[in-house]
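Next up, some structures in structure tokens.
There are two complexes below, and they share chain A, which is joined by chain B in the first and by chain C in the second.
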Partner chain A sequence: MTDRTIAVDYLARVEGEGALRVRIHDRSVEEVELKIFEPPRFFEAFLRGRSYLEAPDITARICGICPVAYQMSACHAMERGLGLTVSPAVRALRRLLYCGEWIESHALHVYLLHLPDFLGYPDAIRMAKEHRGAVEKGLALKKVGNAIMSLLGGREIHPVNVRVGGFYRCPSREELETLRPQIVTALGLAEETVRLTAGLPFPSVEEEYEFVSLRHPEEYPMNEGDIVSSRGLRIPVDRFEEEFEEFQVPHSHALHARRRNGGSYLVGSMARYALNRDRLLPKADAIAREVGLEPVVRNPYRSIVVRAVETVQACEDALRILDAYRPPDRPWVEPTGALKPGACVAATEAPRGLLFHRYRLDATGLIQEARIVPPTSQNQKRIEDDVRDVVGRSLDLDEAGLTTECERAIRNHDPCISCATHFLTLDLVRSGGP
Partner chain B sequence: MTDPRAGGDSRDGAAAPAVVIGLGTEHRGDDSVGLLVARALRTRLAPPGAVLERSAEGTELLDLWDGRDLVVVVDAVQGGGAPGTVLRFEVGGEPLPAPLSATSTHGISLAQAVALGQTLNRLPRRLVIYGIEASAFAPGSDASPAVAGAVEPVARMVEEEFRRHGGLDRGATPGGPADA
Partner chain C sequence: MARPKLAVFKFASCDGCQLTLLDCEDELLPVADRVEIADFREASSDWVGGPFDLTLVEGSITTAEDARRIQEIRAQSRVLVTIGACATSGGIQALRNFADVQEYQRVVYARPDFIRTLATSTPVQDHVRVDFELRGCPINKSQLIEVISAYLGNRAPNVPTESVCVECKRRGNVCVLVARGTPCLGPVTQTGCGALCPSFDRGCYGCFGPQDSPNFPALTGKLGELGMDPPSIRRFFRTFNANAPAFRAAGDAAEPPKEAR
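Our next item is the complex of A and B:
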């Protein structure tokens, strides 16, 4: 028997960096290990002793791509614990801000990170030489997301305008209206994106996912709702830790997550869509029907179409919010009287999936304990399962081909490893015969 | 030209004013050095919008570059040199030299953003990159002494870039972009 090793030092086109190790013996996949570091663990320690008011800004630093998600989970957790209710206008503005982040994040992944896999290019730069229009479209779409985040957040990447209880300042109706022409354009671009992605060649693969996302009584989920799963689970967010557990694995600094007494699960756009297909707004629903997108997508490669549909949803939602917006009387609310904090728990839908925060405060509002469970940590085990399946199906490929397939399997889930790590390297070890 | 891709901080009309963009991540040791240089320059360069701080996500840079005469980008790099070593490169038609390609990344790195800008003709007229060799990225730490020591020298070099370009004088002109 011969040993064969494939090592790739850099896995491109995922957010941040990490490492993947695959070991194959004869024709069996012995080991798949996704290794990532985990700043959230550091941030949990960093938050201790800080005021509850600082949590949104501090946690927003965890990820350069989805700072809004961290702010939203932190704000909602604190407000639930402190018994604060924000005004409907603030609630709507937060949803609009989140729409901006979804548009920005999905446009980046769909066009610049994921599309090259389908068109056969190693990266967006080489793809841009022959598909300039597609890349320009992606950049234009992403820029509209940035514009929304910039207006409501003060800065494109790390919004600083959000606070517990509301916003430091709320925009006037006129200010918000300046976004309308851009969002109308973005909606059209997003619809084109759905048509473009739906026409891509997809490997015919179906995975048995347990999907997990929020579900809201009326809306496609973002900031509120129960946690539901495709295997019938339905719990309020404060029971998250009863049903889902994080566990240490020797090969990674990051904790992995699984269902208690169960296996891996998947959060993110595929899960949201599968569990909330009936909550799409009319245009998003119509375009999904037009391209024949199945109500539950189990082919991970087709997640690119789901992200495109969610981009339509976010643009459409943003326009509805603009239509109805009236500035609130007060931009934020504060706790009155003595603090009597209960459990400060929330989960919101980051572009990459469920982001859980839990805090314990003392009577002066200082954070005693923080728990942050980012979507990529939750998906790690499931991504390993996908890689295991793809390697098992692709054993006859040469090393380069197999490596490409592994990378694609990871990119399908848009892992935000920057929430968790800095460098992703791929190490493929084969022993036995090919 | 009503180009929808015009720079995010630019105004309509002629070329947008020169900017320096400090790239980096807070609370990640030496990775914050680009931000530190930007902060050192905040009150020293005019107009006020001439200094930007960003976490590195390359595609946003394309929007910030577009239509400008001069852009200076400052970022941490891992090129194998001694921490605090300063590299300067003016972007032309060729790819970034290897040490500057090793900047910290998100999905699209600085080097990829430059390459994308070259492909899409979306570079500023002059793009100057300062890379500061960095080595320590522990979460929660500040920039190491060697790297922090490069902040002021690089800030002075960037000031000099602006001075040669005329940005300092132009920014102070009444009715100029400083009033925006």
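Our next item is the complex of A and C:
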């Protein structure tokens, strides 16, 4: 009988602080624990007593990588509870802002965090010594996402212009048009990214995921739609908590989530794509076909191609919004008369997947209760399942090799531990005989 | 000559301030040519040990382990710069400093006994010597590049400490507070954002913390005239830099804490 122990104290190239513990006995994987030691920050507690108008700015600070997602879920939840309907122009501008965040976040993950795994570098800086052109293209693409957020939101991290009921100020058509040449360039770069990533060497792996995402009657999902799953679930967003539950485990500061039937599930780009392949715009659809991307991708390593396709989609969508934009009469709407808040519930598609918010307000508009379920919390259990599978397949590797494979399995899902609280240390214990 | 070693460390935070470095798309590769990125875990899986020539610290101290870790980092760092509201004032999570953290734990977690946290969220300077504090929620890109360039060039960073109002005038904005009656923290807040909020027709909400010579009683009086009640004024001072001493005191002055009444 032999024991093997591998410890990685901190997972790199993910957003946040975490660790992984894997215990192996007699060639079977006994236990996988994704440990999130990012310190808790208690947003749901200190949101109580704050005005509903503060929710978008405060919840944005949960995550510097996807602040727009928090702003969007918070705004939509409040508007639903207060019975506010925003104008079509505001709706379009929000989608444009979200496109900016998707482009920025996906370019960051694809080029700076994920691609080094495929090309064998510790980071994009060192990768740039031999692949400077690719890294520069990735940064140029990322910069366009940030430019969209800066123009609409004032800045790319924690934009200041998002308001419950709309925007504080809506841009003129001329201001928005200044983005067009940059987005046209980005669209080309994104298409190149699809071709680049589709040509990478991928391990041949298929996982059995239950995919969960929003689905909208006409559009690739962002701010609206029902919650659907690849196993036939279809519910309105306000029934989320009936079908999905959060639970706490001793090894993590992030609550985990599962289906009420106990199963893990996956949110994020692979889920959105699998459940909404038919909603891609023409150029995104064409490039996915060109590189032969299957309609449902079950190989987690190939998520890098899916993110690239979604980046094309976001650029194409942004241009479509620019074409149609006319400034609204009023930048924002607000409740009239006495507040009669109902259930404030919304889910939107953060770059990393479904982001659920629920609030209860009092008659003066102060928050009494807040519940936020970020995508990485939901994916933790599924990521543990992926790691279990990768370890099971790779038992013959030495410790260093196995550690690398575990880290890759986690990075495939672009986890954001700042959101989930944050990320990784690998502690691998092997026991039993070879 | 060996390139100077740069490190980036994270404590309780949203990751946005270290992301700011990766958001410097035009400067990132040129900066990386001039420094050795010795420890930046969000960006690299390869880290070498200290000592570091320049260390950037994001986030506030909220656990006993982090209180120990910051001491180690200080000992390894020739120059230590804190970046962002969390590291310089305790951040939004310092709202626990005004509340009962055990009650907070019960609200968020079914099993609060699994959670290890301190009762307070404190800035890095409460624990170790800090060479420079770069404010902001998030920090400003050009100020970050200025700070990195300054320390690489062995000079002091040029980062203004005047109010948002000064920047607003420079931009030619109409004053949202005076002309529109919109509550605004611009008069008491340090510039650095480029007077963003007033440029978007809203009031400043204090991302960069107190400016160097704020007049809180005048602003508090004005906010009252605009119809804000004391709890609302206190809340206004208590967001992303709630624990900055000047904002903390202004909040208490607007509505004294219960035990003091």
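The definition used in the following text is that the second predicted complex is superposed on the first by the 424 of 434 C-alpha atoms of A that agree within 3 Å, B and C clash if a C-alpha of one lies under 4 Å from a C-alpha of the other, contacts with A are read in each partner's own complex, and residues count from 1 in each chain.
To be clear about the criterion, a residue touches a chain if its C-beta (ideal position, glycine included) is under 8 Å from a C-beta of that chain, and two chains touch if they have at least 3 such contacts.
If you're wondering where the values come from, they're calculated on a predicted model, not measured in any experiment.
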{"item": "Fit-or-clash call for chain B and chain C when the two complexes are aligned on chain A", "value": "clash"}
{"item": "Partner chain in contact with A:R173 - chain B first, chain C second, else both or neither", "value": "neither"}
{"item": "Which superposed partner A:R50 touches (first chain B, second chain C, both, neither)", "value": "second"}
{"item": "First (chain B), second (chain C), both or neither touched by A:P122", "value": "second"}
{"item": "Which of chain B and chain C A:R231 touches, first, second, both or neither", "value": "neither"}
{"item": "Touching partner for A:E136 - first (chain B), second (chain C), both, neither", "value": "both"}
{"item": "Winner by number of chain A residues touched, once chain B and chain C are compared", "value": "C"}
{"item": "Partner chain in contact with A:K340 - chain B first, chain C second, else both or neither", "value": "neither"}
{"item": "Contacts of A:H109 with chain B and chain C, given as first, second, both or neither", "value": "first"}
{"item": "Candidates 81-89, 99-107, 171-179 or 225-233 of chain C: the single one with C-alpha clashes against chain B", "value": "81-89"}
{"item": "Touching both chain B and chain C, residues of chain A", "value": "13-17, 39, 42-43, 45-46, 61, 64-65, 108, 112-113, 123-125, 128, 132, 135-136, 139-140, 142-143, 146, 156-158, 418, 422"}
{"item": "In the complex, chain A residues that touch chain C", "value": "10, 12-17, 38-46, 48-51, 54, 57-58, 61-65, 67, 108, 112-113, 116, 122-126, 128, 132, 135-136, 139-140, 142-143, 146, 154-158, 160-161, 163, 167-169, 247-250, 253, 255, 331, 407, 416, 418, 422"}
{"item": "Chain A partner contacts - residues on chain B that touch it in the complex", "value": "4-5, 8, 25-28, 54-57, 59-60, 62-63, 104-108, 112, 115-116, 119-120, 137, 139-140"}
{"item": "Residue numbers on chain C that touch chain A, as the complex places them", "value": "10-20, 22-23, 25-26, 28-29, 32, 37, 40-47, 62-63, 66, 91-93, 95-96, 99, 101, 103-105, 107-111, 114-115, 117, 121, 137-138, 193, 196-197, 199-202, 205, 207, 232, 235, 239-240"}
{"item": "List of chain A residues in touch with chain B within their complex", "value": "13-17, 39, 42-43, 45-46, 61, 64-65, 108-109, 112-113, 123-125, 128-129, 132, 135-136, 139-140, 142-143, 146-147, 150, 156-158, 185, 418, 422"}
